[in-house]
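Multiple structures follow.
In the two complexes below, chain A is the common chain; its partner is chain B in one and chain C in the other.
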Partner chain A sequence: MQTLSLYLYLVRLQLRTRLQYRANLLIGWVAQAFGYASVYGTIWIIASRFERLGGWVWPEIALMLGFHVLGYALGALFTFVQLRGMEELVRLGTYDTLMVRPVSPWAFLAFSGINIEYGGHIALGVGMIAWALPQLGIDWSVLTVAQLVASLISAALLTGATLTIIAAMALVLTRSRYLFGIYFDFWELSRYPLTIFALPLQLTLLSIVPLGYMAYVPVAALLGKPVPLIGAAAPFAAILAGPVMVVVAMLVWQACQRRYQGAGG
Partner chain B sequence: MYLALAVAGFRTEASFRAQFWFLLLSGVLNVVARVSIWQSVFQHGTGSADISLPQMVTYAILGATVFSTWEASQLVREMGADIRSGNVVSHLMRPASYPVSLMARLIGGRAHETLLIGLPVAVVMGAVYGFQPPASLGHALLFALSVALSLFLLFTLATAVATIGFWVMDTLALDWFLRGTLALFSGGLVPLWFYPDGVANAVHHLPFAWIAFYPLAIYLGQLDLMESVVTLLYGLGWAVASAGLLALLWRAACRRMVVQGG
Partner chain C sequence: MPPIIETEGATKWFAQKVPQSGFTGRLRNFLKPVTRDVKAVDGISFAIEAGEAVGYLGPNGAGKSTMIKMLTGVLVPTAGSVRVLGRVPHEERIVNARDIGVVFGQRSQLWWDLPLFESFELHRRIYRIEKGRFDRARAELVDMLQIAPFLERPVRQLSLGQRMRGEIAMTLLHDPKILFLDEPTIGLDVVAKDVVRKLISRVNRERGTTIMLTTHDLRDIEEICPRLIMVDDGKLLFDGPLTNLNASFGARRKLTLEFASEPATVMLAGAEPAGGEGVIRTFLMSDDRRSLVDIIAALKSDAELVDVHLHEPDIEEVIRTYYQSRQRQAAPSKRTG
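Let's look at the complex of A and B:
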């Protein structure tokens, strides 16, 4: 309980710091939303010009893109900016000072650095989902609502867990920043229907780099569209992918921390 | 001296071996994504009467390798960091123009990316997916000129955007606005001939179209030789205008700059 109140206190401190420059924060939200919306605009041009992309029409793609950016933002606000600088923490020896504190270094980094610059992502994601859902004729029930919410939480967990695994590599390899670049290359692929890619890439995005569960699998499952390779297991896979990756990330983080010998001084 | 800076830019990029492999993988994934989109819509969708799939595959491969706008984003971020920290002063004290030095470094970085990453990726992915040669020798020559014009426009526009950082101090938002504008209006991801007519009519006249769309349209022979020359001249006009805008902004920024501390 005491630890939880400490984390909440760290979050409050960070929020107060970031809210000192509100106009700057707002402009940042608008700019980032514009950056994403521009890329989505080009995807809209393709989908409307050619009617379908990978068998998906624009409202279905819009739902997937909204889901993708929202799931990412919810996971990244606790992890990305904080863990992107992990190699500097290791190289400069700053990580050593985190290890002697009476809280988990990961939790300290995540909560003390909570990044509220994702307001634009969240607004864009919610807006696109809200626009797309009424056009798709989904047969709503308590179960489908629960499925939507659970798979969104799973996408957020998947993001946080994957970024944590990459950051943990810095404890062993000292450099891991370029791995974030590779993550984002696959992450960009995961915002298209997987059916446009060749089978080996589909397999990669559903197994070794499981970013297919970020948006494609959950939205396909919700819309009742066929999912290659996993078929009827799609709704369950969409919900379980995030929690499973969290367990993997915890194991990787602990293993890397055990092997950590320090690089700076 | 600027040549030395360009060489330094090339060597700086070449010195990070791990980054090299990452950029290679990144280039391959970028091409795979773009080509997969076009294969999907041409093979399973309505296709297009204006352009064939092999032409679109070539457009995608060149767009992902030769017309990367990554350095523009890098330039805005680096210049923003220099403005914020005050390090920009050390550049201004040197007996060289800071914007021209930046351009020299950008050219060096781009040369590295094109020769050591873009070219191998284009050759390998071209062998996998198929790659079309330029429409004619004349188109090839005009394409080479248009690449130089594209680089100049990208640099001047990115530097002009980064210079606004002297007034707003935070260039993160500027970087995102630039990225969004280039994604939507340069035609690097989607050629302008697929845009809705009303939008395309306007975007065809914006300077961003010369950064990727027109060079690729010239390469593929979508414009005949005379149209290509006229288009290049039009683009040259934009290059002069954007250089003028940068010079004005730069002069105004230098006049308002106050440095505290040392």
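Let's look at the complex of A and C:
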């Protein structure tokens, strides 16, 4: 209970700090909106021109894009900006100051750096899902609603866990920023139906870099579309991918923390 | 009572990458980097009792911060053992953290954009300090460290000296049994350094908090710590009262005598002539405990003595001389090796 109260207090402090720079926040939101609008516009043009993209029509793709950005934002809210600077935290010794306090350094970073700039992403994701869903004739039941929510949580966990694993590398290698670059290369690919890619890339996105479970697998499972390589296991895989990655991330973080060398000394 | 801090052959090696040149070297660097072990702390043993104030001194790269990081649970020792309050710090990091306080001179633990008191409130929640106890501790520390004038100012607007006082006050809020300070006066101006030193010394005297501070500024140690641990190149050089340092390092007092006319003979028992010309003669004293009166009483000279000057070597001089002699010893072996 005291731990939860601490984390909520950290979030409150961070919000107050961020709101001191309202203009920055607003500019950030507008810049992000333009960025996403241009990418989604391109995908919309391609989908409209060719009618289908990997067997998917525009409303299906829009649902996937909405799911992708919402799942990502919910996970990145607690992780991306905080962990992106992990190598600086290590290099400048800031991480040491977290280690000498009676808290989990990861949790402290996650909650004290909560990034409300993702408010724009969340609004965009919810908006696109709300626009796309009524056009897709999904046979709604308690089970499909539960599947949608659970796979969305799984996508958020998958994002948080993957970014955590990358950041943990900085504890050992003192460098991790380039790995974030590689992550976003795959992240961009995971916005498209996996069926447009060749088999090796499909296999990569469903195993080593499991970003296929961010949006493609859960939305395909919801729409009843065939999923390569995992077939009927798709709905379960979509729900389990996130929690499994969380366990992996915890183990990696602990192992890296034990090998932590600090910087200087 | 067992020591509050105890290390037994504490050792920390860091794996350092050895850069490889050429394309294949760079590729090998990426795939299977060649590393060499660098000993930052090399088999150091000491014990500190509750209530002591100990200075941990050494030049840059001597392994001072590495030792603090092992004692606070940040780093895992490669070999040997480290115990703080009877615990192995890295195995019980969180429990250990509740009983200690750590101040880093070069890294702030305060919330940059918010007023100082907000960081205190956050500290209360992190350390789960009961409200009544926190209010009492806060009032006492605000008074002791004289931080009331800037308690409500955002940390980013504070001077370095004010910020350091804020850091120390915050770190003491949960009444830690041990206060570790890593270079607490680094970057401060002369006045701020003096204020911080006096405060740390007061904390040790009045609250009974065990102090261990690393520094490369000898004045910190002279003013705060009766006991000195000196390290270089990861190894322990000296551990004992500051007053024993001169004897341990063979530093001697220098006596300068001025005569009315040039003396033909000057004999001074227990002193070694160390130059001088004209009416001036200089001696190095071999026994540090002899009083000046005794020394002068033993003087035998054919000229009249008009003035005496006794130069006490300060610890800075002692240590500088020692490090310089070490460098001189190391230099030829590097050339031949």
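Definition applied: the second predicted complex is superposed on the first by the 259 of 265 C-alpha atoms of A that agree within 3 Å, B and C clash if a C-alpha of one lies under 4 Å from a C-alpha of the other, contacts with A are read in each partner's own complex, and residues count from 1 in each chain.
Keep in mind that, in the parts below, a contact is a pair of C-beta atoms (placed from the backbone, for glycine too) under 8 Å apart; a residue touches a chain by one contact, two chains touch by 3 or more.
Quick caveat, the model's predicted, so the values are computed rather than measured.
Chemist: Examine A:Gly55 and indicate which partner it touches, taking first as chain B and second as chain C; both and neither are also allowed.
Modeler: A:Gly55 contacts chain B only, not chain C.
Chemist: Which holds for A:Leu229: it touches chain B only (first), chain C only (second), both, or neither?
Modeler: neither
Chemist: Residues of chain A touched: more by chain B or chain C?
Modeler: B
Chemist: Just checking: does A:Val246 make contact with chain B only, chain C only, both, or neither of them? Give me first, second, both or neither.
Modeler: neither
Chemist: Just to be sure I read the superposition right, which of the two partners does A:Ile138 touch: chain B = first, chain C = second, or both, or neither?
Modeler: neither
Chemist: Pick one for A:Gly28: touches chain B only (first), chain C only (second), both, or neither.
Modeler: first
Chemist: In the superposed arrangement, does A:Leu203 touch chain B (first), chain C (second), both or neither?
Modeler: neither
Chemist: Determine, under the contact definition given at the top, whether A:Met169 touches first (chain B), second (chain C), both, or neither.
Modeler: Touch status of A:Met169: no partner.
Chemist: If you look only at chain A, which of its residues touch chain B in the complex?
Modeler: For chain A paired with chain B, touching residues are 24, 27-28, 30-32, 34-39, 41-42, 45-46, 48-55, 175, 178-179, 181-182, 185-186, 188-189, 192, 195-198, 201.
Chemist: Under the definition above, what is the set of chain B residues touching chain A in their complex?
Modeler: Those residues of chain B that touch chain A are 18-19, 22, 25-26, 29-30, 32-33, 36-37, 39-41, 44-48, 170, 172-177, 179-181, 183-184, 189-190, 194-196.
Chemist: Please name which positions on chain A make contact with chain C in the complex.
Modeler: These residues of chain A touch chain C: 2, 5-6, 9-10, 13, 16-17, 20, 92-94, 96-97, 99-103, 258, 260-262, 264-265.
Chemist: Considering only the defined contacts, which chain C positions touch chain A in the complex?
Modeler: 14-15, 40, 63-66, 69, 72-76, 93-95, 97-98, 100, 102, 104, 106-109, 111, 113-114, 118, 121-122, 125-128
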